[in-house]
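Here the structure comes first, spelled out in structure tokens, and everything after it is commentary.
A, B, C and D label the chains in the order they appear, each numbered from 1.
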Amino acid sequence: MNDQPMQAHHSRSGDGRPCMPQAARKVVAHRLAIAKGHLDSILHALEKDQTYCVDVLRQIKAVQGALEKAGQITLESHLRVHVATAAARGDVESMVEELMDALRYR
Amino acid sequence: MNDQPMQAHHSRSGDGRPCMPQAARKVVAHRLAIAKGHLDSILHALEKDQTYCVDVLRQIKAVQGALEKAGQITLESHLRVHVATAAARGDVESMVEELMDALRYR
Amino acid sequence: MNDQPMQAHHSRSGDGRPCMPQAARKVVAHRLAIAKGHLDSILHALEKDQTYCVDVLRQIKAVQGALEKAGQITLESHLRVHVATAAARGDVESMVEELMDALRYR
Amino acid sequence: MNDQPMQAHHSRSGDGRPCMPQAARKVVAHRLAIAKGHLDSILHALEKDQTYCVDVLRQIKAVQGALEKAGQITLESHLRVHVATAAARGDVESMVEELMDALRYR
């Protein structure tokens, strides 16, 4: 509970600070909570006989858009706080590889 | 051959018969419920100081992948039940325009 | 006007009649030709020392957008001419599977 | 060699070096040249009556995949050479905003 993930990551600089800044965590959490509420309403609609597939498609796309936005905010925070500081810290290669891998992930 | 789903949609009579076939609704609901659980675990992680942005990015991508799959199942069902029958029913233009609009939506 | 495109595809007789309607082929070809010209200008820029990565990224995204649009036009034509007529013709399953497979392809 | 785009970008450090490293430019150019050849073969196919829409869709997706890969290589190079060095150079905000803008572009 005492920051191992972060320290593992920041072992080179050893600063032990939280990785994702609190402000970004709050914004992303807010957006994901909204996406979750939206998912709930789709699940509710799917219980009804008269639900129309195209409406479900549209709702799913809307949630995907919300997740895309949450991912962008996360990425932007990561670039600012961790990637932009990599040369100063000396871990450019591992930071870039890790991020490229995460962006490709699906 | 008495396919209520189609008639429900196209009669626009509000008779309450299903449009999206029940089997597809169940499969999509199952996948969306899993995606929702996954979103919940990201929300939980975002409450912790030591959460790492790249892990959040990866988790969001995973949920997006799950939604993509749910969307594909919805689309496939729609193509089979409603689009493929459009010429026989006589509403090709409206069905195709509606679907293209939904697929472009973001 | 008398449905050759459909028969050409489904007869599998190799009679050489068009599958993709000529109008759609022309529109898609026009857009792909523009995309090709755009690719050419990126290739030209990449020969220069002073090319900036972010400009290359933006140009590549623009070409991807053009291809996305060409794909949408192709899909719309396919839905209208081949998928919407599948029930009347009796090959719903193969048409839907084929299309879903193509849409998933990457 | 005194091309404003680069210098404009690097005016803060004033080093005037080419922005996108030559190695990355060559790899990206190689991939884009292949994508262009692929586009050419689609254009050739689109001149023929018997071209099938689903094949065109698949080919377009393949070119999109090639462009996606070229974009990834460009991004990776940009992260390594320019973004990772931003804190050391003192232009984190402008670098991150510029990149987020380019990634959102469509």
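As a convention for this text, a contact is a pair of C-beta atoms (placed from the backbone, for glycine too) under 8 Å apart; a residue touches a chain by one contact, two chains touch by 3 or more.
All values derive from a computational prediction rather than experimental measurement.
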{"item": "Subunit B against subunit A, contact positions shared by both copies (same if over half, else different)", "value": "same"}
{"item": "Rounded Å distance between subunit A and subunit D, as computed from the means of their C-alpha atoms", "value": "24"}
{"item": "Distance between the centres, which are taken as Cα means, of subunit C and subunit A, whole angstrom", "value": "32"}
{"item": "In subunit C, residues with contacts to at least two other chains", "value": "75, 99, 103"}
{"item": "Category of the chain touch graph - line, ring, star, complete, other", "value": "ring"}
{"item": "All touching chain pairs, where touch follows the definition stated at the start", "value": "A-B, A-D, B-C, C-D"}
{"item": "List of subunit B residues in touch with subunit A within their complex", "value": "8-9, 16-20, 22, 24-26, 28-29, 32-33, 35-36, 39-40, 42-43, 46-47, 49-58, 60-65, 67-68, 70-71, 74-75, 77-78, 81-82, 98-99, 102-103, 105-106"}
{"item": "Footprint of subunit A on subunit D - complex, ascending", "value": "72, 75-76, 79-80, 83-88, 92-93, 95-96, 99-100, 103-104"}
